[in-house]
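Letters A, B, C, D, E and F name the chains as they come in the text, with residue numbers starting at 1 for each one.
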Amino acid sequence: MRFDGRGEGSLREVRITRNYIKHAEGSVLVEFGDTKVICTASVESSVPPFLRGKGTGWVTAEYSMLPRATHSRSPREAAKGKVGGRTHEIQRLIGRSLRAVVDMSLLGERSIIIDCDVIQADGGTRTASITGAYVALCDALQGLVAKGELSSLPIREAVAAVSVGIVGGVAVLDLNYVEDSAAEVDMNFVMTSSNRFVEVQGTAEAEPFTIEQMDAMRTLAVDGIKQLFQIQQAVLAR
Amino acid sequence: MRFDGRGEGSLREVRITRNYIKHAEGSVLVEFGDTKVICTASVESSVPPFLRGKGTGWVTAEYSMLPRATHSRSPREAAKGKVGGRTHEIQRLIGRSLRAVVDMSLLGERSIIIDCDVIQADGGTRTASITGAYVALCDALQGLVAKGELSSLPIREAVAAVSVGIVGGVAVLDLNYVEDSAAEVDMNFVMTSSNRFVEVQGTAEAEPFTIEQMDAMRTLAVDGIKQLFQIQQAVLAR
Amino acid sequence: MRFDGRGEGSLREVRITRNYIKHAEGSVLVEFGDTKVICTASVESSVPPFLRGKGTGWVTAEYSMLPRATHSRSPREAAKGKVGGRTHEIQRLIGRSLRAVVDMSLLGERSIIIDCDVIQADGGTRTASITGAYVALCDALQGLVAKGELSSLPIREAVAAVSVGIVGGVAVLDLNYVEDSAAEVDMNFVMTSSNRFVEVQGTAEAEPFTIEQMDAMRTLAVDGIKQLFQIQQAVLAR
Amino acid sequence: MRFDGRGEGSLREVRITRNYIKHAEGSVLVEFGDTKVICTASVESSVPPFLRGKGTGWVTAEYSMLPRATHSRSPREAAKGKVGGRTHEIQRLIGRSLRAVVDMSLLGERSIIIDCDVIQADGGTRTASITGAYVALCDALQGLVAKGELSSLPIREAVAAVSVGIVGGVAVLDLNYVEDSAAEVDMNFVMTSSNRFVEVQGTAEAEPFTIEQMDAMRTLAVDGIKQLFQIQQAVLAR
Amino acid sequence: MRFDGRGEGSLREVRITRNYIKHAEGSVLVEFGDTKVICTASVESSVPPFLRGKGTGWVTAEYSMLPRATHSRSPREAAKGKVGGRTHEIQRLIGRSLRAVVDMSLLGERSIIIDCDVIQADGGTRTASITGAYVALCDALQGLVAKGELSSLPIREAVAAVSVGIVGGVAVLDLNYVEDSAAEVDMNFVMTSSNRFVEVQGTAEAEPFTIEQMDAMRTLAVDGIKQLFQIQQAVLAR
Amino acid sequence: MRFDGRGEGSLREVRITRNYIKHAEGSVLVEFGDTKVICTASVESSVPPFLRGKGTGWVTAEYSMLPRATHSRSPREAAKGKVGGRTHEIQRLIGRSLRAVVDMSLLGERSIIIDCDVIQADGGTRTASITGAYVALCDALQGLVAKGELSSLPIREAVAAVSVGIVGGVAVLDLNYVEDSAAEVDMNFVMTSSNRFVEVQGTAEAEPFTIEQMDAMRTLAVDGIKQLFQIQQAVLAR
């Protein structure tokens, strides 16, 4: 039994609220338990320099936490004048994860910019961001189809993500902050709805892990992500 | 009659939701119509260098907008590596407004950091921020009283703010984005509950304004702020 | 009677010396008592990106203080690698004040960059900057007329600025540094020669202020600025 | 058969030259084929603020590439004024990998700073860096033991790293630049000499990957890293 | 005959006005022809970290040009967020030149910060800065003696500087901007009043120079600097 | 006799290894005793903005030291977010020295970027950099000739550099770190193979120097640089 009563392979309550910010082409509030992230998808009619004139599009992401999303206040990166290493890692991960399921050659010379802003953090902010951002991205692209700017949705399959870890020697799914702080191992899996992997990241926080532990965590993640795909589908079907 | 049907001296619907972010000592979601700002108050047990050892406290503020709070996406200040001029102006204004009603000599060597993060912008983000931040600040200070760290609430009176302007030659209260973009003159008033002024800022956007226009705007503002004090009181009384 | 023997409604001695820097299209040394600011106006044949191709011009301002303009030395913003909040506020104020009296549609695709560099500070540096910069701007624009690049002076009326405040409970005009440090309230008024307001900024430093105090300060400011217009006119007539 | 004639499970020629930089407490030139990295270990008698007074040490890493380590010249991060996202990711990875095998409670209040500077890049710079840095770290710590500052070597086991990938549908070990550019999937494994994992990072560059592909890559990596441990041991035994 | 009628070995008119900025411990306006620099000397009661607790003092310098000191406007370094290479070179040169004549062991744990701000540039800004800064430094140190904080003036001898160059094949002294732009070679000499060298910097702008040319320039410089010492002495004797 | 047994006018052992980095158009490892610098020359098909469309080329240089090139570790400039004053001075010196011998009008609209990265420092890093960079530059330009992109080598003559100083009252050539730290005077000479000067920089570290000392150092430098030209020629002849 875990701190919050969940079983080892249980997700926290996951909620995705669409059309959360009125100005954005796509926007959701995604909640994994007490972790809450606003994900917006903005359509811009330009691409980065390395893609100009190639007829292809781009999807990129930025990630941030409000200063008081965390237990104690974290200084703003804008005030410090630079984006930190952890932020860089996470926003690159989100961008790669979404690009893996978008056919950018069908997107035209457009960029979709995903902004994931954590307003309350309780573990798993990067996996919640990816899972929610996929829905915001679908809404933004669906809007381009509705306006006739795209002939079909340039999405190959769905993408979602979950964290797993070893806590007290046991593999558990979707760690909250208390578990994350105590975990011996922390892994994040990003998968597509065809049951394939886009990103795998595992870190031994306290103790290196065995091949058996890696497999146990992987099994939990594969099951958890399947549930996330059902939640995404249900929300998008509304 | 205004774009949204309001009379010249009417506020938009104002809502203040307390305890919005679970980690913060004080936190609200403040809404002035479609303008939505998360205000948190964080207590830290240190003061800036210029106050160290003087036995007095400090209240300061930071302000930011999510990239997609606005009609078109604005680049993040963290990515640009510096805080822009408009942000500086607004966060200095919020800080001064709150310090005007706090007795910092009773606060002890503590800082209260107010974070105002605009998640959706529709005009009046700075006045909504001040009005909401006052409530978050009360909650944070009340928490210090409840824990016995302060013997009484070091607040002299309430503070709130509203925008006024000249639109199409007519003075109007609490401008939304469409009005703000079209305004000839834009003023912001910050007042205390003893009916006195903390900050007055007026800018001729298109045309200099007369002393009569200034007085007409001031009258609207004084009335509007009185209503904001009632809303703050009602919310704090719950 | 004030520290320096002035009456409540008296300006300090104001001097404006034209053609102070030989390279600039317009340049003055403006002195409000011991406050001394070099204001230059530079003509550039381009406009900021948001105005390109629109056939209209732009006026902008930058402000700085020499490190030892002040009682104790202030670190250079270049060495700190960023422009501070106070500087941002002041240079935005100067820019808005000058744009209020220039017909930018008659300026062509040109920028006028105003640089206000305080070489000695004794209170009122922003109001002295605006008052002096207007003269430098006139000289730069007159130069464009003389060279046939403009058919007429694209200036609608004059602009000048003064500070007022409440010191020891009494409203006074044009505060020097000693008064400014002791003031309960500090206001700056920017007006045009048609007796209208461009900017009004009032801040309660120590105590919120009443509507009667605001009116008393406004009366002093309106009178003081009238005298500044006479000084500008006399200097420009030479 | 691969571009350079290697079999699918073959490492490139790996060479580690100790005592490469005369000033450093530990230093090696590590070569994985044409990838060449200078790794130094510097001992400093202080720890980061969050560890001060706790009696424990710290190991951290920085990573950089000479501008012309790559096919076309890359601008210096110092000239751009900020460390990029890729650099942040890699140096955090190197630091975590080394901390996993050091008993920092035995290190005293000392920091070991690992610098990995790539002088020539041909794929696998991060895995070569980790593999070489371990040797430099051993030399630096051995030096502290030799001087009597540590009673024993605070290293629990060895650590090394290798890249694997899917190229043309086939799993291959230790990709060079040409393979890396063409790879569908790119994984990096960091392991300890007790056959356990410290870090696992897999990214689908072109196509998501299956669980079978992940296992095939993992098998190659486990074998390759065993050979790296033998090379490290042989070099350290000299 | 030179552009401005001077002979090859003639200085421009040199003027040094003391007590130019009322707040600074020492301050001058130094003019070499149309080159005008405000030099201030500020006394601070601390030293850089590398000198703390050693009982010795420090002298350092910063240099800047107002944006419109030059023919066309130069962007501010504060706005660009970094100090450029030329500025770095010049301020390091000024600092070294002044430290060469101060006995820092007699200064106590104090720093003297020299600020050289060019308000109008016409060639030779660095040599004018050094020559003027020496006078400001003397005034600041004399002030410490007058207040009893130092028992005697910790200055060993005077320091001054001048530029020389090869223009049209001929060696000339104290180049103005027009000559400087056309010079084949540009040298700066910094000397002390005992006829010794502190700094020598020569650069072939268009053509390498011979040993005979170097000697011709050196002879002019030695003579020119002797005149500068007389001007400094006369100014300080008032 | 010097610390390392050399005579006053002797160079350390100088070695230049060509083709040191496989990707660069020109690259050497240059060694002046224990000082080791990697110099690469990169050809880019663009020029800085101020030269665009003028049909002429450009040569520029960047300089850096690995953090542990020095006795104690120096923080990276990339981590500090800015390039320091010393680095600016040195890279500007290297660039000017090389431009002095290249006929940039024959280079076409191309830039040659020289990177000098010190991997081990023992005094004289800037003079070693210039001496080695000349060889890397020749190789890069020879490559353009070989590919038919240039009809002839646009080099007028060779360039090399050496340091001299006064140590213990005696003029010595090519100072190592120990001598450099103890030197009363430090000079650097950059000369061309026609026996002319490109740059002369002399600094009194501890004591101003006489005209006789300057001449003694100059004589040593002229002799030392002649030997460097022979070494460059021999290496390029291979």
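Note that a residue touches a chain if its C-beta (ideal position, glycine included) is under 8 Å from a C-beta of that chain, and two chains touch if they have at least 3 such contacts.
Computed from a predicted structure; not experimentally measured.
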{"item": "Partner chains shared by subunit C and subunit E (touch criterion as defined above)", "value": "none"}
{"item": "Shortest chain-hopping distance from subunit A out to subunit F", "value": "2"}
{"item": "Equivalent of C-E within the choices A-D, A-B or B-C, defined by over half of its residue contact pairs recurring", "value": "A-B"}
{"item": "Relative to subunit E, chain with the most remote C-alpha centre", "value": "A"}
{"item": "Between subunit F and subunit E, distance of the C-alpha-averaged centres to the nearest whole Å", "value": "28"}
{"item": "Centroid distance [mean C-alpha coordinates] between subunit D and subunit C, Å", "value": "59"}
{"item": "Interchain centroid distance [CA atoms averaged], subunit D/subunit F, Å", "value": "33"}
{"item": "Overlap residues in subunit D, where contacts from two or more other chains coincide", "value": "81-83"}
{"item": "Chains in cyclic order, anchored at subunit E, direction fixed by subunit F", "value": "E, F, D, A, B, C"}
{"item": "Residues of subunit B that touch subunit C when the two form their complex", "value": "82-86, 88-89, 91-92, 96, 100, 187, 191-192, 194-204, 208-211, 214, 218, 222"}
{"item": "Residue ranges of subunit F touching subunit D (in the complex, touch as defined)", "value": "21-24, 27, 34, 38, 40, 42, 44, 62, 64, 66-73, 76-83, 87, 113, 115, 117, 119-121"}
